[in-house]
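First subunit A sits with subunit B, and in the next complex the same chain sits with subunit C.
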Partner chain A sequence: MPTLTIDSRQISVPGNTKVIDAAERLGIMIPRFCYHPALGAVGACRVCAVNVKEGPMTGIQMSCMLDAGDGMVISTHDKDAVDFRMAVIEWLMMNHPHDCPVCDEGGHCLLQDMTVSGGHGMRRYPGPKRTHQDQYLGPLVQHEMNRCIQCYRCVRYYREYTGYKDLGVLGIGSRVYFGRTGDGRLESPFAGNLIDICPTGVFTDKPARFKGRKWDFERAATVCTHCSLGCSTITSSRYREIIRQEAGISPDTNDCFICDRGRYGFGYANLPDRPRQYRVNGNPCSRQTAWAKALDLLDTTANTNNPSTVALLVSARCTLETLVTAKHLCHRKGWHGPVWDAPSGNDIKSRNALDALAPELVATMKDVRESDFILAIGTDPVNEAPVLTLALRQAQRNGAHITVIDPRPVSLPFDFEHLPTSPEEMGDQLAAIVCAALGGTDLSHLSPAGKAFYDDLVLRNAAATVPDEIVVALKKSRHPVIVCGTHMVNEDLPVLAGECARMINQPERSAGLFYVLPGANGFGAAMFTETHTNAGLLLDKIKSNDIKTLIAIEPEGCAHVHSSPAMAGILKSLDCLLVMDYLESPLSRAADVFIPTATVFESGGIFINQNGTGRSMQPLYMGGTPIFQTGRTGPPPRLFESDIPGAEHVPAWLPLADWMGLSLSPDNSKRRLEILKYTIENEPWLSALPISGDTGETGIKLRIPNRRLNEFASLPHTRNNAGNSNSPEISLYTVEQTFGTELLSSGSPALDEVIPQIRAAMHPADAEFLNLADGENLTLVLDENHELPCNVKIETDMAQGFIFIPRRPDLPWPVPGFAPIPLHPDQIRREKGDLR
Partner chain B sequence: MLPADLKKNLQTKIATVSHPRELVVDVLFDIQMHYGHLTDEAIHEAAELCGMAPVEVEELATFYTFTFREPVGKYVIHVCDSVVCWMNGYQTIREYLCSKLNINMGETTPDGLFTLIPVCCIGYCDRSPAILVNRKVHGSLTPAKLDQLIEKIKMENPAHVE
Partner chain C sequence: MTEIQQKNISILTAITAIGQGFATTFKHLFRKPITEQYPEEKRELPARSRARIVLTRDPDGRERCVACYLCSAVCPVSCISMQSAEKPDGRRYAAWFRINFGRCIYCGLCEEACPTSAIQLTPDFENCRRDILTLVYEKEDLQVDHGGKDAAYNFYEYAGVATDEGPKGSHEKESPPVNVRSNMP
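Showing the complex of A and B:
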């Protein structure tokens, strides 16, 4: 712990701390452009100069390049340092266009701040400025090269941090240009971070262009709800419209960066056709009418039918408050549910994952970044949990060995080992790797169950062969992490992965376990929904008339059953359908009573991410129809009312609490705290959450009581050997894609252009067997009523015997929950005529 | 598309080194030798040959003084633009060249014979001011010497029309 003096104040810092960071700990912000905590130091911009008065080398030095040493005396404000910085800034500003009034960066521009604080006010250089032509970089990022001060942050972030290779630095000297080889969309799904990382206005948020300055916005720290990672975001709204999102800083999750799905996925909250009115039988009505009608319908059902004919459907996009209230309402009323509306089987897999998530194994994204061996099984990071890719990339940059076992054509922006494996065989491969790595280790300390589990691994080991490098890398590793998905896996794989992590967790090797769950609140949904049912079974019960009333709260897959002709009939057999949502869907349009709910930006709420960290979000704004939309139809209204137009929505938990008979305050903010108190007090393992609802920047780590008390699970040997390779059938799976499959962001207009067309990925051998060429149009005949036109994409790096298509919310899928469909070659047709 | 033998030559050359990217500048020069300058297509071809991303090759192609991303004249004149030449008459010979060829720095004569490009120190300071004509150095220049040089080239290329 070197102790040094900066501006006459002493501070002790850990070894390897740079002087710039040491000063920041004292609250002294040394100017900087190129230095960024996530990128490290390069000393390119020369603006962080300080004067070293005492130390190994005295005089002007760059504080970002200088390690804090014991006994150093540093001045940030003596004349030499100040003059040096002023000269550097003047020189950096020489070619800058001074176009702040029309620049979107203005107001939160590091260059503005540093120029003013650096003391450069008057321009002395009268010569011509160098100018550049800008490039078209796609619909999300706006390019304006003239504003560049050559700090290199963008290229270092893009190429080094994320590993994508289509942005570079061209030219030399004053011609230095940051761009692509030509116009075109930036390929990285993390390109939006260029906007945050650029210290000036070269890269700005294109959809948010000219929509406001920082001080115009209502801004709040939020949590991203577009996958299970729970990244920190900062959301800005203006005129009742969400305008933009930036990455928040959270060392345990996203570090400093988010993906473009998270950044631009908020559009659903602003949509002109967002349902903002209460409706009874499809007709707009007042809140009182809808409320009374809902109560009336529920009373009638309760009187005429058994309460168990009422079912409650929730999803992973519900807040924790809604899920807990829904659970207690169901228990109190004897209703069926709450049922988790998740893609087929993901509910059970998620529950199995949480069962196996031993507290000592829980890995955060930080642990992933710092790990030296990663085995990702049954997950496709870029598509399922994009920012996880960045964490893997950091591990890889630090020399970690990364293996992905997954049947899909997994593509990551760095070198890794991919073992394309069918879901049936993934468990054997995992077992083989762990078993081989444990060979020769003393396992005498294991309990009988542990030994039995190990014997099971040895048995499975015989069924698979794995490359030696993986085993060697695991043997050498000190911080291995097993990442396990919950979609493209068998039901027992999450348990197997958890137990394998436990098995390799030894005194000299601390292993981590990292699950990828479905949805923003998959953790909460897995904990608070009924275990022995799911969306598919629920639809069966509706068909068999066992369920007569369905209350759907912010549903996910089921919201779209109507778009599929086979499912259209199912809802007709219901007596009553109540839908609460902020999205319009076939289900909401069919509702007898529709209650508009608040988005997370309007209601706030708690979400539990995939590692069990509870993060709360305060309401950002009141909501209501954006002024841009209300103002479109003519002059402003002459009638003065105190209501906000289009702000009738309520948090989804409010009607539930009302039906349960909870008496809540009419005041919004008080009510929020009351429901939070109810939530925390009624679920003992949530007691770590503060009653105030403020979980701080890092969130609160929730640890579910481990149900097996540190004992190994005995796994049924469920390996299915029936699928032999001679079978002509091909399994058609729906899979997640970075853009276009996640329900909320797929409705965001900003992302329309980046959603790729539907392509059916298949192995070259399968394509050859079916006589199909890459790029060919074909029709998949799902059943007699459902056909799916798509385009062949031949992928060499995937398992044989599968076709993968993106799980678009609007796919007319004939089976509930997007369950996979076995296709006979006859069901795969060329656009014109049959294949054979 | 690169001509088949050029491509084959390059591939043979690349096959001799352990990391193909080591040879990217050589590959660029060979392609430039063939076309006279580096076309967009050439950048992509070189990237493919060396297993690099096109933008990585573009970074190099736009960085160096002797790789041309635009068509240049048959004779490329690099005019040394550094301190010792500045002291010894750089300005005079630069202005003389510009007016004699009737082009500005960075331009090519309409007949496609000459291109003028400034270059930083070429290490011929003892005989400054100096220029390179197609990489061949000429020093201790005066307007009269430049006249000789240019007339000689023009004589050698009597009917040069691009």
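Showing the complex of A and C:
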């Protein structure tokens, strides 16, 4: 712990701390451009100069390159240092254009801040300025190369941190240029971070171009709700419209970066066709009418029928408050549910995953970044949880061995081992790797159940062979992490992965376990929904008239299946359909009573991410129809009005609390705290959450109630039916994609252009068998009513016997919950005519 | 000095003072009056006096305001609001611009902050209304067809961004764009 003096104040810092960081701990912000905590120091910009008065080397030095040493005396405001920095800024400004008024970075520009605070006000150099041509970098990032100050942050981030290669540095000397070799969309789904990382306005937010200045925005720290990782974000809104989103800083989750799905996925909150009015039988009405009608319908059902004919459907995009209120409402009223509306089987897999998530194994993204061996099984990180890719990349940069076992064509921006395996065989491969790595280890400390589990592993081991280097890497590793998905896996795989993690967790090797769950609040949904039922069973019950009333709260899967005629028929047999949502869907249009709910930006709420960290979000703005949609493109109305148009929405928990008879305050902010208190008090394992609702920057780690008391699970000894391998059938699976499959972000207009065309990925052998060429158009006949036109994409790096298509919310799918469909070759047709 | 002497002096002072006063009065009786009969007679105010705000145009007659939000940020009474947008030619402009003169204190900070010389205060101070809403000026009410006090300035000549004013490298004090593919020193 060296102790040094900075500006006459002493501080002790851990070894290897740079002086710039030590000063920051004291609250002294030394100017910097090239230095960034996630990228490290290169000493390129020379603006962090300080004067070292006492130390191994005295005089002007760069604080980002200088390790804090014991007994150093450093001055940041010494005249020499100040003059040096002022001169550096003057050089940097020599070619900087005079375009701050028309630059979107203006107002949160590091260069502006440093220029002003550095004291450089007047330009002395009268010569001409260097100019650069700009490039088209796609619909999300705007390029303006004149503003560059050559700090190299962009390429260090893009090439080193994320591993993508299509943005680089070109030219030499004073002609250095940061861009692509030619115009074109940036390939990385993390390109949006260039906007945050550029200290000036070379890369700016294109969808938010010219929409406002930082000081005019209502800004708040938010949690990203586009996957289960729960990254930190900062959201800005103005005139009742969400304008932009930036990455927040959270060391345990996203570090400093987010993916483009999270950055630009907020558009659903601004949509002109977002339902903002109460509706009864499709006709707009007042809140009182709808409220009374809903109560009336529920009373009638409760009186005439059994209360168990009422079902409540929730999803992973509901806040924790909504889920808990829904659970208690169902229990109190004797209703069926709450049922988790998740894609087929994902609910059971998620519950299995949480059962196996032992507290000592829980890995955060930080643990993933710092691990030395990662086995990702049944997950496609870029598409299911994009920011996880960045965590894997950091581990890989530090020398970790990364293996992905998944049938899909997984593509990651770095070197990794991919074993394309069918879901049935993934468990065997995992068992084989773990068995081989544990071979020769003393396992006498294991309990009988543990030994039985090991025997089971050995049994499974025989079924697969795995490359030796994976086993060697696992044997050598000290911090291995098993990452397990919950979509492209069998029901028992999350348990197997969890137990394998426990198996390899030994005194000399601390293992981690990291699940990827479906949806932002998949953890909460798995904990608070009824275990013995799911969306598919619910539909069966509706079909068999066991359920007559359905209350759907922000549904996910059901809403889309309704686009099929079969589903429409099922819903017709309901007596009453109540829908609460902030998205328009076939389900919401069919509702008898529709209640518009608030988005997380309007209501705030708590989300539990995939490792059990509760993160709360304060409301960002009041909501209401954006000013630009209030009927005119011109200025806002000239007269004051007391109520906000289109702001009738309520948080989804409010009607539930009302039906339950909770008396809540009419005041919005008080009510929010009351429901939070109710949530925390009624669920003992949430008691770590603060009643104030402020979970801070990093969130609160919740102690997961361990349902199995640290005992190994027993697994089925035989693997699931793998099907007849000689059968000509091909399984058609829907898979997640970075853009276009996640429900909320797929409605965001900013992402329209980056959503790829629907392509059916298939193995070359399958394509050869079907006589199809890459890029060929074909039609998949799902059943007699459903046909899906798409385009062949031959992928060598995937399992044989599968076709993968993106799970678009509007995909016509005949079975509920996007369950996979076995296709006979006859069901695969060329655009014109049959295949053969 | 005796008491009588003192009394005489004070009487003398009083008489002199009265005399001087009357003299001034008499002088002014025969002078031309300086009162101007406002509003019948109106005086020409200096160009830099601060009253009603206008949005001026550049020498080509195009609107100067780029909606950078600096005037609204600096306004101490928050009477300026606007929305920036982009024209097809790449110029940034104000989709709408509103000044509430009912609130404006004519401090001139907006004019000082304006980087394009668009917003300017004029000597036109006669701005009284019975209906306060008529004091809320929209962009159409604010725009004038001249350059005001800084007629020659054209922001886009200096900004360095590519617009219909010219591509990169064609503006004042700019080198032609760098050829990144050249290896010449």
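The criterion applied here is as follows: the second predicted complex is superposed on the first by the 823 of 836 C-alpha atoms of A that agree within 3 Å, B and C clash if a C-alpha of one lies under 4 Å from a C-alpha of the other, contacts with A are read in each partner's own complex, and residues count from 1 in each chain.
Everything that follows uses one rule, which is that contacts are C-beta pairs under 8 Å (C-beta built on N, C-alpha and C of every residue); 3 or more make two chains touch, one makes a residue touch a chain.
This is a predicted model, so every value here is computed, not measured.
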| item | value |
| --- | --- |
| Partner chain in contact with A:K165 - subunit B first, subunit C second, else both or neither | first |
| First (subunit B), second (subunit C), both or neither touched by A:G182 | first |
| Superposed model, subunit A: greater residue contact from subunit B or subunit C | C |
| First (subunit B), second (subunit C), both or neither touched by A:K211 | second |
| Contacts of A:D134 with subunit B and subunit C, given as first, second, both or neither | second |
| Shared subunit A contacts, counted only where both subunit B and subunit C touch the same residue | 170-172, 175, 177 |
| Subunit C-facing residues of subunit A, complex | 97-102, 106-107, 126-134, 144, 146, 170-173, 175, 177, 209-213, 215-216, 239, 633-635, 638-639 |
| Subunit A contact footprint on subunit C (complex, rising order) | 66-70, 72-73, 83-86, 92, 95-98, 115-116, 133, 136, 138-139, 155, 158-162, 168-169, 173-183, 185 |
| Subunit A contact footprint on subunit B (complex, rising order) | 40, 43-44, 53-56, 58-59, 62-64 |
| Interfacial residue positions of subunit A with respect to subunit B in the complex | 165-172, 175, 177, 180-182 |
